[in-house]
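Chain naming follows the written order as A, B, C and D, and within any one chain the residues start at number 1.
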Amino acid sequence: MFQNVMPRYEILSQDALATLDAAWRRLVSEIGVEFVSDRAIEMFRAAGQKVEDHTVFLDPEFVLEQVAKAPREFDVQARNPERSVHIGGDSMVFGAVYGPPFVRQGDVRRDGTMEDYRNFLKLAQSFDVLDSAGGVVNEPNDTPLDSRHLDMTYALQTLTDKIYMGNVVSGVNAADTIAMGAILFGGRDKIEETPCSISLINCNSPLRWDDRMLDALFEYAAAGQPVVLTPFILMGAMSPVTIPAALVQQIAEALSGIALAQLIRPGCPVIFGSFLSNIDMQSGSPTFGTPESGIGLLCTGQIARHFGLPFRTGGGLTSSQLPDAQAGYEALMTLMPTFLAGTNWVMHTAGWLDGGLVASYEKFVVDCQITEMLQHEFKPLEIDEGSIAFDAHQEVGHGGHFLGAMHTMERFRTCFYRPFLSSSDNYEKWMRGGALDAAARAGKIATAKIEAYEPPPIDEAIRLELEEYVVRRRAELGD
Amino acid sequence: MFQNVMPRYEILSQDALATLDAAWRRLVSEIGVEFVSDRAIEMFRAAGQKVEDHTVFLDPEFVLEQVAKAPREFDVQARNPERSVHIGGDSMVFGAVYGPPFVRQGDVRRDGTMEDYRNFLKLAQSFDVLDSAGGVVNEPNDTPLDSRHLDMTYALQTLTDKIYMGNVVSGVNAADTIAMGAILFGGRDKIEETPCSISLINCNSPLRWDDRMLDALFEYAAAGQPVVLTPFILMGAMSPVTIPAALVQQIAEALSGIALAQLIRPGCPVIFGSFLSNIDMQSGSPTFGTPESGIGLLCTGQIARHFGLPFRTGGGLTSSQLPDAQAGYEALMTLMPTFLAGTNWVMHTAGWLDGGLVASYEKFVVDCQITEMLQHEFKPLEIDEGSIAFDAHQEVGHGGHFLGAMHTMERFRTCFYRPFLSSSDNYEKWMRGGALDAAARAGKIATAKIEAYEPPPIDEAIRLELEEYVVRRRAELGD
Amino acid sequence: MTPEEILQGLYDETLKGNGPRVLELTHQALALDMTPGSLLFDALIPALEEVGARFERGDYFVPEMLIAGRAMAGSMEILRPLLADTGVETIGKFVMGTVKGDVHDIGKNLVNIMLEGAGFEVIDLGVQVAPEKFVAAIEEHEPDIVGFSAFLTTTMPMFKANLNALEKAGLRDKVIVMVGGAPVTQEYADVVGADGYAADASATVKRAKALLKERRSKVPA
Amino acid sequence: MTPEEILQGLYDETLKGNGPRVLELTHQALALDMTPGSLLFDALIPALEEVGARFERGDYFVPEMLIAGRAMAGSMEILRPLLADTGVETIGKFVMGTVKGDVHDIGKNLVNIMLEGAGFEVIDLGVQVAPEKFVAAIEEHEPDIVGFSAFLTTTMPMFKANLNALEKAGLRDKVIVMVGGAPVTQEYADVVGADGYAADASATVKRAKALLKERRSKVPA
């Protein structure tokens, strides 16, 4: 888990914040938010909010009262206590890509399988920059649909010892995920005390919360498991084309979802989510790593801090089909602002390709490399006599070199970050090494890591109990 | 010319600045700076500084007095007045890569030629994000050495109508460049009034200014042409391995060079230069786009502002041999901080590969793409009723789409930045298009731009006079 | 205005997406006793083919596509009953929906825009459309084609469920079935037994026209 | 200490770059009447070969290379005159400089570090070395190899100027000429008539050793 103690880059003036503040209040109270769930509607009605059909017209002050119940910061436990994380404040917690139906390895693009899924989990376990494999690193299309969530959760719990994300396809799946968490951590009371999963609840923007997502939300919130309430906005399609409008809509959607979570269980840990990019207005394709999404991301951080909530945004996003130059610059075009904004929970950190439709082995390694570089870049400078190194100048004089100075001898192993993927070989050496581009080298690293993978030890009794649960539930679900 | 009115990202505390301030004073006064030039030494001696052999022990207050004479901001004129630039303040001015002996096009890496040089100038003229082709976009190895500077300057003056950089190989070359500038702009008084070139004077770090560079400095400063005094620091070799030490050394070197420029001609426009990266301590290779260089860059901007000077740093730097993912993320890893710091003069913006040894056609296009994206990202948000778009929500309601909303209709052509290189084609469309990666697409764009290039009109009489000058001087130089 | 001028006007204004003016010209044309068929085939459809071509070339943006389609749809409201009376074939009728369990509709909306732009009459059932709803809509509207859109690998199996429901209702042979959505592939479409698949909106229009032509060449109208 | 222990100690301490201790052990060894040749071939050179191997593998960093080389150089100061007396061949003597007009020296310094690390005696003439200075240094030090380093395409022609100066001074056949630097290529080295080129420091060591071996196999020592 990375601590970002560098300054935040904030670009909204106080005036601008005030304008956005006035605007979301107007949106929730005059346009209202649709909750496609009778349970949710009843809760809002009982709390005195104006309800028409499935639309709730929210009193902004009521919303803020609910939001105030959410903790500013909280812990999520991993089965390896060293991997437990803290969400909020200066912490930045990173998870891998989430959701791609396809997988790319080298030149081949194909349906993702359970084999791929397990491989990506091994990679996620192997890279220290990642605090979590996430949840659906790729869709394992070769496993039965109704019980797939059991297989994925079991894999997350056994192949990695890091925190993981909960399945949100339905309320039933959510309940299974919680039950398996309770087994792993020794009882539901244990995970209600310190949660063990984070779940992604997306808003069907504009201004609509969908029944499936809400069913999952009810389960997780009731169990005190953190939920990321994410307005999922591609400007131009799901929001107006202007960034301020998207920001306002994002506040309205996220806070309305958070308010519901607090009605379900006051004090339930929540994360202010954001997934903000735009479509290409010519073709209609979603685009990623765009200037607009970068600006939106920086503003989002500032807004979340304004409401005193931990937030999620960013990742190694790109529209590119290959781990090429475009993938490199687009991923960083989102990851750099992710750090500048001090994002607390970062999904899609590694592996994302083709607008999230593809999980790529090579891109996974590229993204881990970029993230590790950023984690080094966002460290505070230590300025003291030692680092000012006057003595080194006395030793070296004018026009000399510092390769053998005492000051260098004391520090040379650790003074600079040494990348594992980037190459600084000169031309001849690079040619001798096979003239591999970054993608090819990344592929080799991925293969090597998967081969070298060692499963983290787990109590056999617990593993058996999890396995029995999976077998029993699979039968009950009829797969 | 881009105006960056976004906030600057500053990471040094006041205390840290004060410590660095104390340290450079100690460096210049106790270790001193070596000037391998009797003329320079005489000037410092005459100005009352303590001199021993070729080392000057500078009084920091004296240095600051000289620095105070340099203008905070100044103009540089291009022969097309619309391309003239302002250096300093919020302006960011971009030039292409400078100095590579080799060229890469597709799979081929070879010695650069005059043909390549002219091609790169055409590219630089074609991309609006660039304000200048720079100077030695690649070394034209197939032209005679002694008169090469004449050919390059002539090409810069005729193939582009943007500002250009002066040749610094020797005092003679500098004088020729100035003379050709005088021809182009109608007399030496015209270019002394508003300069027409910028020249790069590198410090032979640590703490040594070399005779060749100083010879060129004397010429340019006397003619009132701006000089970029650049400590060229690869930490670990030319400076101690700690960033604060490199920053202190950079201040000492840059300010001492600036002081000399002011002694030569008080008020001479100068730019606080910085080229700061590190070597790999294992292999000794220079590395670029590193976390350390990113941090150094951000600090440099803050330091230059502290001294009230325009500054140079950044660029699309990378160690990569190919325009691959590494080239993409390393270039942006430097270019993003370049914008965050509000760099006034950016060299090596486009085309840099292999640690600056190679100018690449494809990378040139990739970098222009990245820079154009950043120029869009670093625009202030307009927050007003129109951009908040409440009416659009009234029109669309919950869960609808905004593709046809009035608000969208009014803005769809210009609301989002549309990249010229990045592709957001979906998989099938991309396959139909030939499954080209970003480098391949960039190569096509480069070829198309060079073919479509139209020379900017020039007064034939002036062109003839320039040509005559080149012919006459070439004969005098014996080539 | 002469009939020629009216046709030219209809073409130009449809291209621009000027709905009110297209309606006005439609009324004027009918007042001059011009045939609905000539309006459709000599002005509206050529206009929308040009719109499609411009979109493909990258000249037209999605919103332009959309308003051109809307302008044409306005005119078609008036022409459709008249065309039915005269027995002229329209391009075709398309029932479209995102499958049950799935709320992704941006892709589907784009497809609808393009289909309308190409002269199809589109009935959009929205998102989360259950098999019974598809069956009911097909019975009510008797479309030429039905489209299922799915964006989740977990909802793609609904294609099969929908097809089974059509079988059961005895409608499978009465309608062409197309499927699409980001995770869908041609292979998957073949496996579930759909008649057609397309990867994006303009491909959908081409494929839909081709399938219709094929069908009509087999089945007498 | 036994002679075995001393050799082991020399090997270990050279590997660590512990200069003072290496000197001490050298003195102890000579006090025990061990031969300079055995110190050189059974401890120092094997140690430096291991250093080179570790560097190549990426285990050793440049500064470690540098202090190991310095440690050995310290011992060689003492051994060299003794070896000369006994007629044992040392690894070789290398005069190195950056050519006139060029101030780039990082690459050259690295090469020097690696050469010293491999046991060469290196005389570094610094930067901006004029042809006359190379000639004078070769006359004074009688090296086996001279190296010209250039980093600018504008200073690479100095290779030719240096070679001409050697010709004129009648030294061209007395010394192996190597060239290098970032913009230099094998082709260029061939064109100007240098004996060897290498692209980086470890390649330089390999190439230098190979050239020496070749030369010595031809010319009797």
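One rule holds in what follows: contacts are C-beta pairs under 8 Å (C-beta built on N, C-alpha and C of every residue); 3 or more make two chains touch, one makes a residue touch a chain.
Chain identities (UniProt): A, B = Methyltransferase; C, D = Dimethylamine corrinoid protein.
No experiment lies behind these values; they were computed from the predicted model shown.
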item	value
Remotest chain, subunit B (Methyltransferase) as reference, centres from CA atoms	C
Separation of subunit B (Methyltransferase) from subunit D, taking each centre as the mean of its C-alpha atoms, in whole Å	39
Between subunit A (Methyltransferase) and subunit B (Methyltransferase), centroid-to-centroid distance (C-alpha), Å	36
Rounded Å distance, subunit C centre to subunit D centre (Cα mean)	79
Where subunit B (Methyltransferase) touches two or more other chains at once, by residue number	204, 237-238, 279, 281-284, 357, 399, 401, 403, 408, 412-413, 426-427
For subunit C, residues that touch 2 or more chains besides their own	61-63, 103, 106, 109-110, 182
Topology of the chain contact graph, where touching chains are joined (line, ring, star, complete, other)	other
Pairs of chains found to touch, sorted by chain label	A-B, A-C, A-D, B-C, B-D
Residues of subunit B (Methyltransferase) that touch subunit D when the two form their complex	101-102, 111, 139, 141, 145, 148, 169, 204, 210, 212, 234, 237-238, 279, 281-284, 357
Footprint of subunit C on subunit B (Methyltransferase) - complex, ascending	399, 401, 403-404, 408-409, 412-413, 426-429
In the complex with subunit A (Methyltransferase), residue positions of subunit B (Methyltransferase) that touch it	6-7, 9-12, 15-16, 19-20, 23, 26-27, 31-34, 55, 109, 204-208, 235-245, 248-249, 278-292, 294-295, 299, 319-333, 336, 340, 354-355, 357, 363, 366, 369-370, 373-374, 376-377, 380-384, 386-390, 392-394, 396-403, 405, 407-408, 411-413, 415-419, 421-427, 430, 435, 437-439, 442
Parts of subunit D lying in touch with subunit A (Methyltransferase), wherever the complex brings them together	61-64, 66-67, 70, 103, 105-106, 109-110, 113, 127, 182, 199-200, 203
Parts of subunit D lying in touch with subunit B (Methyltransferase), wherever the complex brings them together	58, 60-63, 101, 103, 106, 109-110, 153-154, 157, 182-183, 185, 201
